[in-house]
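In the two complexes below, subunit A is the common chain; its partner is subunit B in one and subunit C in the other.
Let's turn to the complex of A and B:
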């Protein structure tokens, strides 16, 4: 073969140890289906990685390929049509790949690193030009090979999309099983971003709601009810130990937790005499302060990523709409005017967009507002969509679909690529954790 | 994804079942009250018309939601001809206003509480599934408080009544239709002993 050898400096990465989750195994993993791919999806082939020193226990290339395909932004080449699995650019027969129409090719290999783990080397190749575009090296311990596969996908994603990939991130969601209104089990579940490796972190016969990730991904805030006592509580649970602390509880409303971006405070909703307002709890001092005093419903706070503002839902003007205030409760301004009502805001990680639930006609859909010009784009199909949450890189929104089949769905922020995450039983209230690296 | 590599941990699966069973024990005291003598439909009004399916026959009284009522008084709450048997108030969409057909029942509960100052009532607010979950929790609480204020006006002491809202989390009826929705927009009366 005549191809130019480009000796690019290796990008070296050491995988961080991913914190363990104190959990019980959940019943079933979510199944991912791509329901709509972007018209401009990037075609790419990821060949099986060569292995020196026996078969790898984890198929790194397969994991990376599934990650990229799950976004709807990549069109991955079927492995069954691949000829060979070269480990280095020298072993690549570019003509073979060219005749298959493959432009972007990823190859790689894994070898023992002498410390009980593996050194994984991989290359992004321009098969049409017959040259190496980039090369990377990852060191992973023996039990980190799945994370290594996700890291391969993160690096390729970043190369093409220009944003960090979210394939090492976690999501949390609520599942509900049981056929009658009287006899149901609620589970708070944490899984990989794609629903794989689910683990139950809390379960109850009584309702569990509103999971919210701490900014560092080590804790989850959520709402748990005690139906026997007639109380609700906002809990903060440490995922590695399972220890939980209650930051608000009692009769009436104690709900809707939202972390400040520095993790020092949690905004939440609490009722007094039937009227729900937004409060802030300080994690260090244990003090609670009331932010809204409207006499209307004020709930569903969401902290802006710069820490300066809190968006919230209020029906002070009649129908529920989204308002913005500063973190002292002042400078209140209404943000939404489109549709019949707008509820439950979530800021994009860059703070430039807001996702929320918009009611129009007879349906509830996910809408994304550009905060620079207040333009609103509806990105989901309804009729009963809820709980939007931005991916930690801001490129997708995960949300819940209600009605008939209760499942989760993701949509790229431009609305072009869609996938669903489903399992037997009801899945609701997704929350997307930090990038994880 | 990658289902085949999921470890089979049988011992831990059993632990899940045991945790669930423990919650069942603590949860059965309150909550869902399928009671005899309650109005079967919101439109049926405050008096039940013989739909009590035999529950009012003494020994078979369903005490769910009546644990805090002295045993000798429970028949009052299950007799379909007694306004106390109405222990659910239903609401219009997005509304916390109590429909007038529940006035007599509200008054009866207020008077009973006034005459029994040691009895405690919990009002549980609920909504249908439309709209966002936490907003619905707040709406259910507003409904529960609306009923509480009305019962206090009828003579009860505010300290006898507590409220909780489950929003759309505890529907009386599952289903995505107007009938299920109308049964889920409600406040349930739970006479507790805790």
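Let's turn to the complex of A and C:
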């Protein structure tokens, strides 16, 4: 009791002092509200990495620079205009970089790590502040230097964008070569995220469609046709062994596979007596269950990342639109109302957005819907865009541009930054795999 | 009555039917009697009468058909019917020629059907081909339409860009005009202020001059009065000495009297002088007070003007800082719900000496972008006048509100 009474005046005094100190600077300071920002890309220069003990077999800085530039979010500085390539922060003349408009500078070096590989050290420098703001170290074997370059880009990307970079992820897509029906070849291809280093996983004279990555990136589900028999089948192929397993087949439609987030089930579309519905296949039990029972076409299922819902395309309302149901096929609700039709939904990895193909008066474009308020933003230019798939970090959408020149393109989710992935021949139906690290 | 008539009207078909039935019944009664008469000619009269009466009872439901029932004769009729049906069946079974013919017919029909199906299939194939062709044409048309749409869109975009460029140019022009106007307004305000200040100074100078003149005049008057008094005194003293020399005793008395008079006069003069001085002092004090009031009023007015000008200048200063930092801030793409306060200290030249985030803006990447925006804005814009400078600036980043 007495102790408390003794303390009280001191406590009050302390509170007064704190209050006085807290309020004083607020009155003295000038108040400035910042409500706008510049729309420009982030300027960054990645100087060639210095190498101790001979030239590096792979230009790490160049790979990282290309990665960042491909997002459209960074404005990379041309190497030809760089004044020197410092290896350590001490060697940097910040004024020189400032005058060239380089706000951010990456410098680095590689040295043998004694185990046959390299130890790569690099720094992120803020030219405006004139100091190093971060430093990193990566160990890479001699044949992993390309991946090391992607890792450098991933680290810088995360530093600036606040999300993990996708430069180590893979994409899958279908290519079609040959002009006539007799010599056409369909290939299921897996490549780096930017289309480089393609490898054929499966090829056929008959159409191959709809690749879908398993959540762990080790398997691909896809659809193979047999035109002679008039059948189609949904297959699941292991990428390391090449072993394939057929989970659904028969006359008519067996297509549009979509993995559950835990990889235990695959939803797909199947036609029976001319009526297409959504089914789900259990990978462990091998059993198939029908989810939709409408007389309309129900197809193109997409699993929500929380595993609780499946979005699908249905023409039950007259035109193809996107609907949502629970994984038992119940609680069906319509999601899209804009445009003439909407189809081929894909959930963003955080489950907050839905990308799909929207048909409007001027063609087919990719649209992204914010599921919290159902606002729809068209992000591609059309006129024949198809097959949107979110990047594994949710910051970009890859899609197929069809029509005159078929190619794959990516666009940032706000629609501001677009880039094209060059591919020979006709390219269709891209699917984006997991982050890869 | 009316209800009854209405009901009859509603059910007129039933009424007509009932009337007709009765008429038919009556007719039948009448003619059947004749008929029975003809039957009776074969010798069965008594029965016919009994049966006839029964017939009327059953006639309500089925008038013509019960006719054969009452007689024993009509009994074979159904048999005959059955016999009639049976031969129909047996005829088909028994006649092999007919069966063969039918088989041939069926075969022909099957052939025809097959031909028809084939024709239908061919037709269907043709239709399908036509449909496919139509679909291809449609697709080609759609493609052409889409390309056209794309071209149109490109044209629209170009037009929109041109329009945007024009608008931007117009906005810039408007902004320049506005800036020019504001500058002109500021200059005008400055000129007016200068004129007012000059007027105030002139007025003060005039008042000062008037005061000085008054003081000089007063001093001159006092001096003149003193000189005059001195002269008079000298004359009086001289006269007094002469008179003293002439009339010593009487003169001394007169001198004493005169001295007394003079003393009284001097005292009077001193009193008057003191009164005058006092009045002058009071007047001066009053004038001084009036001047002070005026000065105060002038100063207040001037301070008010200064304060308004300062406010305007301060707003311009804050806007300049805001513009520079916003132009240098590249917010991380896709970042939302950004909100934070940043405390910055600067030197009088605008050089940033410290950047302190009061809590995170929403993530490390956003914090980095905010910090860089401020360092990139170093040096911050200078205030239009030194008294507006403050070394502490508190930025509030809230782009999503």
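In this section, the second predicted complex is superposed on the first by the 394 of 437 C-alpha atoms of A that agree within 3 Å, B and C clash if a C-alpha of one lies under 4 Å from a C-alpha of the other, contacts with A are read in each partner's own complex, and residues count from 1 in each chain.
Just so we're on the same page, a contact is a pair of C-beta atoms (placed from the backbone, for glycine too) under 8 Å apart; a residue touches a chain by one contact, two chains touch by 3 or more.
As the structure is a computational prediction, the values presented were derived from the model and not from experiment.
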Task: Decide which partner touches more residues of subunit A, taking subunit B and subunit C as the two options.
output: B
Message: Output check: A:276 vs subunit B and subunit C. Expected answer is one of first, second, both, neither. What do you get?
response: first
Query: Where does A:29 make contact in the superposed view: on subunit B (first), on subunit C (second), on both, or on neither?
result: both
Message: I'd like to know which partner A:403 touches here: subunit B for first, subunit C for second, both or neither.
response: both
Field: Partner chain in contact with A:81 - subunit B first, subunit C second, else both or neither
entry: neither
- prompt: Who does A:231 touch here: subunit B (first), subunit C (second), both, or neither?
  reply: first
Message: Contacts for A:161 in the overlay, against subunit B (first) and subunit C (second): which applies, first, second, both or neither?
response: second
Field: Contacts of A:386 with subunit B and subunit C, given as first, second, both or neither
entry: first
Task: Name the contact category of A:52: first (subunit B only), second (subunit C only), both, or neither.
output: neither
Overlap of subunit C and subunit B interfaces on subunit A (superposed complexes): 25, 29, 32, 384, 403-404
Message: Under the stated contact criterion, what part of subunit A meets subunit C in this complex?
response: 25-26, 28-38, 40-42, 73, 103-104, 126, 128-129, 133, 158-163, 361-363, 381-384, 395, 403-404, 412-414, 416-417
Message: List the residues on subunit C that touch subunit A in their complex, please.
response: 143, 146-147, 149-150, 152-153, 317-318, 321-322, 325-335, 343, 363-366, 368-369, 371-373, 375-376, 378, 390, 392-399, 401
Message: Quick check on the complex: what are the subunit B residues that touch subunit A?
response: 1-3, 5-7, 9, 12-13, 15-16, 19-20, 23-24, 26-32, 34, 122, 124, 129-135, 137-139, 141-142, 144-146, 148-149, 162-167, 169-174, 176, 190, 192, 194
Subunit A - residues contacting subunit B, complex: 24-25, 29, 32, 58, 63, 66, 146, 180-182, 185, 192, 194-197, 200, 203-207, 209-210, 225-232, 251-253, 255-256, 269, 271, 273-276, 297, 299-300, 313, 315, 320, 341, 343-344, 357, 359, 364, 384, 386-387, 402-404, 428-429
